[in-house]
Amino acid sequence: MLLLLILLPLAAAILVPFLGKRQVWGVALLGTLLPLIAGMVIWLSLGIDWRSSNGDISSLNQTIPWMPDLGVTIRLGLDSVSGLLVLLTLILGPIMVLCSKTAITERVRTYYGWILVLQAAMTGVFCARDLIFFYICFEFTLIPMFVLISLYGSTNRKAAAIKFFLYTFTGSIIALAGLVYIAWFHASKTGTWSFDLDVMKTAARSMPASTQWWLFLALMLGFAVKVPLFPLHTWLPLAHTEAPTAGSVVLAGVLLKLGTYAIYALAIPMLPAGAILFTPLLAVLAIIGFVAIGLVCWVQTDVKKLVAYSSVAHLGVCMLGMFALNPTGLQGSILYMINHGLSTGALFLLIGMMYERHHTRSMLEIGGLAKRMPIWATFMVFFAMASVGLPGLNGFVSEFMCLFGAWQASDTWLGSHFVAGTPGYLGPWYAVIAGVGMVVGAMYTLLMVGKVVWGPLKLPHDDHGHGHGDSHGGHDAAHAGSLPADLTGREIITLLPLAGLCLFLGLYPKPVLQAIDQSTQSTHKLILDARQTVRALEGGPIIPPMPASNNAAPADGAEMENAR
Amino acid sequence: MDTLINPFLFYGLCVLGAVGVLVALPRQKIAGFAIGVLIGAAALAAFFVVLGRQAVKDGAGLPNFHFYIFSAVALFSALRVITHPRPIYAALWFILTIVSSCGLYLVLQAEFLAFALVIVYGGAILITYMFVIMLASDGPSEDAVEAMTEYDRVSREPVIATFAGFLVLAVLASFMAGGASTLKANPRMAATDDPMAQMAPKVEKTLREAGLLAEGEKLVKRPKIEGGGPEVKQQLALDATLDETGGLQILSADGRTVRTLAEKDWPEALRLSDAQRVGFELIERNPGAIEIAGVILLMAMLGAVVLARKKVELDEQAKLEAMARARAESELGREAEFVQPATGGDN
Amino acid sequence: MDTTMTMSMLPTLVLAQGPVPELVPGITLFHYLAVSGIMFVLGLIGFLTRRNLIVMFLCTELMFQAAGIALIAFGRFHLNHTGEAFVIFVLTVAAAEAALALALVVLLFRRKETLDGSVWTSMKG
Amino acid sequence: MMMDQMMSSLSPSFAPVWSLALSGGGGGGGEGGSALGVLASLKEVPLSAMVWLIPGLPLLGALLAGLCAVLKVRSKLPAWLMVLCLAGSFAVTFWMYQQVAATGGSTFAVVHLFDWINFNWAPGKAFVANFSLYVDPLTCLWMLFVTGLAACIALYASEYMSHDVGPGYCRFFFAFGLFVFSMACLVMGDNLLLLYLGWEGVGLCSYLLIGYFYQKPSAVAAAKKAFILNRIGDLGLALAIMLIFVKFGTIEYAKLWPMLTQYLQMAAAGQFDQIPTSVQLIAVLLTLAAFGKSAQLPLYVWLPDAMEGPTPVSALIHAATMVTAGVYLIARTLPLFQISVAPLAGLEGTWFGFVSQISALEIVAYGGGLTALLAATIGMAQFDIKRIMAYSTVSQLGFMFAGLGVLASYGAAFHVFTHAFFKATLFLACGAVMHGFAGQLDLRKLSGVMWMKGWLIVGLAMLVGCLNLAGVPFTAGYFSKDVILAEAFSVGHFRPLAWILLFTALLTAYYTFRVFFRVFVGPKHYEPGDELHAHDDHGHDHGHGDKHDHGHDAKGHDAKAHFHPHPPGWAINTVLALLAIASIAAAFAYPTYFVKGLVDTSTAQVAAGAAGHTHVGGATIFGYDPHKAMYYISGIVGAVGIITAFFLHYLGRRTAATSAADNLNLGALQRAAQNKWYVDEFYNFTIRLPLKVLSHIFHMLDKLVVDGLVNLAGLLPRAGGAGLRPSQSGVLHGYAVAMAAGIGVLGLVALLALR
């Protein structure tokens, strides 16, 4: 069943080159819609109670032997977290196709071909339970993205595409080295080569903490580039500003999540001791990313670059939540991945629509679009508020949980009169500084909305009337038919589902939280066990991992026992 | 083993030799050839003197002058080959080197090769060199007989070259001297390898004719191939056995006592000349190599032909064009001054 | 020979006496190797310094010759004839090389009307 | 004493209302009894789910307005729908109040709608924050005046915004409805997270409504400023919520109060050192949140700029409801404040050592007091009547916080109640003037408006408002301010604060009547404001896009000549009359203990001995009991203020533009006050500028250093390649020499190594 999800877009991709220019868009839409429907079927009809063991659904597992002698088999399977991310990918698929109908007028076949390949590769990553298949798909997402940016981007797209490709590629090579070492370690111990992720997880966990430290560094280097974590993020603004609309939607929506998912599903369960040892450093980097890059957003003049930098900042919070290493933080960061995909993806759609009409992204040249495009303005304000984390919309739930996770995760709360602390390495100060980041977030988002949406109407000098200005700048400008000033029906259809989801997840996140609850609890157990090895390594006192589980009034001196 | 030559002295000589060669090399300004030769010769002489005294000290009697003369001549002519500005003379000097090195071979009683080299090298290869030199060099035109091409007169980065060369020499020498002692001496020609041992029946017959074998005595024989199975032993010719001193082992009639016939008193017929030994060596030990050598020569011939032929073809084309041009001019009715197509290659 | 201070660093130059007998009184293997070494080095220097292509090839022939001497010296001092057999093969190679090289030289001469080696620098990086 | 009997005997008819009041009074009276006061005897009572209509109806109104926008409705339909919904909501609120009053105090009801956030962060433990309502007397009080005022102002806005009918109109009422919904969530939320949702929701709506005239860059900037400053306050609230959860394991009020009993007993017994400082810190964080939202000292700068929004918005949001959210937060979580004696003890050794002894309530009190003083001084010097009203709001809020600080939670709540009414009246009156005189707000260009035809009701409403604000005896404002002042004087160590408050009351009286005498009385004179053109022919609506740029002087000049102000319509007049009567009626709440009953039967009740407040009975002013003396002192102070204003601005006024006050050459002080003591410039210079520079530095750092390193990684191979290229020079000899030298060196190395 899962293989179907991957093969459908591939089949469409193969079919596309042989079609006439007009049918291509239709087939592409079909190629992305069918997997979405299939995905829905999987999610709903199986009535999956995601609360089984750690959220795994054995009924969906598929194993296809590929290179038996090397122990390489394609294993597909979903757990609750990857299931959600697959759904996110499937939702963004049709949206990508829908939004690039008028944006892309030349070389249409290659464009949709590569989009479908990208879609398949991304689904592949989330369904993979086998290292080799995971890595192939993980790498395979680069090629279509490279093509999309370099062929369909705007001004200096070549440099951006090359930097994007090389940067991410070198990163993932290092990660592959780490992963293969684990596979080799397993093979050397048990004699058989097996790339099954679960087998590798158990093998990796048995490693001493010092090796786990090295391996975790290798894995993090690879995945942190994709996330992007603070010092390794410089490819993102470049790639985003140069990518076509659909490209940057999927780049922000799903590609960044590959990094965070890989960390959650691979790095942390495999090397919990490594994760614990690296938590302080990574948390600090995440916070720098959140606050410092937030400030950098504040001085941008290019709207798309601003939103790109903002997604670096947002993912800083996501990583902060994840490296709180307690259930709250983990659930917050997973929910954040989904929310960020929806709200920032929508923001990029909106900017794309504005670019299609006015061919400029610089906030200095354009402003006060509320007058000309009221519907666009309403959506813009709605999604800006979602991304700034207004309660009632999805941004808030995940951002608050991440900050709260970071706040909760510190041993100081294990004192006698605290009830709801979890052992960890972050603490209140992390949350406070991250809170300042929330204020900075409001500053740059409102700056953008203030300049682009509100204020007196200001159009680029040569833009006369309804947005079909002559095609200067990127050759993908829509000089085909003139787009009406405000949003067309098609564009509203692309935005409505995202808006609906944002509101739904903001008001009723319960089903999603319960789905991922089991998976985060099991990860948290891994972390607690690993604390012993790490403590032993540092020679520190063995702090009992879990505070008293009783929820009674804060009796002083509540005794601690391992609540596992 | 005492040191043959004091290392400092040896390296000093090397440097001296290098300086000599350096000065001797053709140079833009002062042609210090003579001085260079002198220095080089002095270094060589000192070297040979030391070697000579060494030999005398070992009580080997008067040092064998032949070697020293031949090597001095060879080295001097080699020096001249590389220092002489005109290629023709360089080739001629090279012939002298060949002849003198054949002299060295004679000292070592390798006469077959000495003459082979003179004939093949001196005769054939150097003649082709001469031929090419004549063909390829512009040849001194009347006015500037002495006008040697610039690239002959000036040598190139002599200092570095000489330094590199003599560094290699010093290293080689050290290897030879230092390392040679660790060479395991090749054990005397294994009895079975000696050509004499392999012609057992012929040897027995000549010894009997020479009356050295008493009645009933036989050569001690041994199967040619060690370790072969019993059935292999019978049908193979049996080898005569040589003891470690090189003498033949003869079995007495009663088969009990074995006496050895020293090499000295072998009959004349048994003595193999050097050419025979070399021939034997070639045929018996590495026949395949000879075949391959033949093939190499064939390939060389082919290569030369191909290279040469292409030239002709080029000329063909050039000739055609020339004729076409000529005809065009003649049709124009102008009195065509018939231009002899450029002899030899065009460019 | 006074036992001069032998630098520990410098290799001691000990003649290979040992079991190899002297064919010719007073002349040891080292003599021959020294001569061939010097001739080889002269050939090398010639090759490096001279710019005339033909003379360069001549110097290679010189180096072949030097190698031949060494081969024969070793062969004879070991009282077997492998050295000489090998020289013959060296000879064939030298002949082949000479033939081809000279054909090439002629061609090159035809092309650039000069025998200077340094003219040909098109094969640069 | 005499007044109490008189009032209580007047209206026995409101049986249910009085029953609560009496019992409340009784309950209140017995505050000295158990240390926990209400908290100990809280019991849950069932309440029907009908209560959900209160937030539900405004949301419905908002969605309908949104629908009208989508359907491009060009009539006043959204306004009527909104008024209907809000009236309905007010009715349900009143019904709810009946239910709560019937239960006789110190009860609460939790009405659950659906699970919003509840994830279990540990086996068996969950972070629960559901969409459910917490109804107790404090909630009723707040919701009564919120929904009531909202309904009136919606009616007022229907006419006031008439020139914007169409998409603008719908957008206004969508935000208006969303605002009342958020306010309802804030006040009625059963957990702090829902309060946070309401908190940010009202922030968003004030952003949308301040920025309503989005064509004006100043409005957009003001909106952005308001949202960001609110966001800073929200940060405090978020941290407080996290601290509370980590400490108590829950953020739902129902579960929170029992957990506090232990600490309240400690506080009552005076063992303050046993209460962990982390618990005491919560109060400080909540104060930061309250000051952010209710525009107190550090974060008040956004409120005066918020006047960019349309007047109904200023009236509802920036006078009556939103700004009181801060007061509600502190009132709701008063127990947390009562146990916080030395929250900043942690700073003992550092340079901030002096802070370590201040209790949370003192922070609140002195914060409020100083804000009141500062705002009053600025208010005196402004010329724009809406700005003056804005500063007076900030000042009155300062009073309320001071009231809370001195543990007169009843006084503060009562002042909130009365202030909501009379400040709304004042704002709406100013709005009517602005509406009628084409946006004219400068008090130097208007005079004698009250005597113009059709403007009498507006004038009278203004008079009632001013009387209340100035604290003229027997007005509602007078009673509420009096309670706070009395309490301030009666608590020993708040004496300096009391004197500040008294002086501020004087200034308040002065600037209130300065406005009244300059604008509403005196010789008739008017000059039209700048929003000229569309007004006089308000029949048809032509694109208001270009209306706002002020470039058309030439055309404007002749239009000014034949401009005649148009008096407000029936809607504005009815609303003004209604509110004026309400302001007067509010006075009756004092003797009937209506508000006191509500407040003292909720958790906002002041437990005896809280936070070291030994109720010093003995403190007196000039030997008299403060409560009784206050009646006279505040009356005198009010009168003095009015008389000075009368002399300076009524008798001393020659023309509309000049008055006797001008020749009071206070010089620098005058100019500084006019420029708002340069607080905005100070903030800009100390916070915004360095932040801008910092972000530019980060940007450069990010581009050069981090990106530089990456590009460097790209550069190295190319440079290396270029470096090695010359080695392949193509010269044969070069190669040969290299080879020879190579052999030599290798040999040497082998030689040395092998030996």
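Here the chain labels run A, B, C and D in written order, and each chain numbers its own residues starting at 1.
Operating definition for what follows: a contact is a pair of C-beta atoms (placed from the backbone, for glycine too) under 8 Å apart; a residue touches a chain by one contact, two chains touch by 3 or more.
Fair warning: this is a prediction, and the values are worked out from it, not measured in the lab.
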Two chains sharing the most contacts, counting C-beta pairs only: B-C
Per-chain CA centroid nearest to the all-protein CA mean: A
Rounded Å distance between chain A and chain C, as computed from the means of their C-alpha atoms: 71
Distance from the mean Cα position of chain D to that of chain A, given in whole angstrom: 37
For chain C paired with chain D, centre-to-centre distance based on mean C-alpha positions, whole Å: 101
Whole-Å separation of chain centres (CA-atom averages), chain B against chain D: 109
Chain C: positions in contact with at least two other chains: 11, 44, 48, 51, 117-118
Residue list for chain B, restricted to those that touch at least two other chains: 156-157, 160-161, 164-165, 168, 172, 174, 178
Interchain contacts, given as pairs of chains that touch: A-D, B-C, B-D, C-D
Chain B-touching residues of chain C, taken from the complex the two chains share: 1, 4, 6-7, 10-20, 22-35, 37-46, 48-52, 54-55, 57-59, 61-62, 65, 68-69, 72-73, 75-76, 78-85, 87-89, 91-100, 102-107, 109-118
Partner chain C, residues of chain D touching it in the complex: 725-733, 736-737, 740, 751-752, 755
Of chain B, residues touching chain C in the complex: 1-8, 10-11, 17, 21, 25, 44, 47, 51-52, 54-58, 60-64, 67, 71, 74-75, 78-79, 81-82, 87, 90-91, 94, 97-98, 101, 104-105, 107-110, 112-113, 116-117, 120-121, 124-125, 128-129, 131-133, 135-137, 149-152, 154-158, 160-162, 164-166, 168-169, 172-174, 176-178, 180-181, 183, 185-186, 188-189, 193, 274, 277-278, 280-282, 285-286, 289, 293, 296-297, 299-301, 303-304, 307-308, 310-311, 344-345, 347
List of chain D residues in touch with chain B within their complex: 733, 737, 740-741, 743-745, 747-748, 751, 754-755
Residues of chain C that touch chain D when the two form their complex: 9, 11, 44, 47-48, 51, 117-118, 120-125
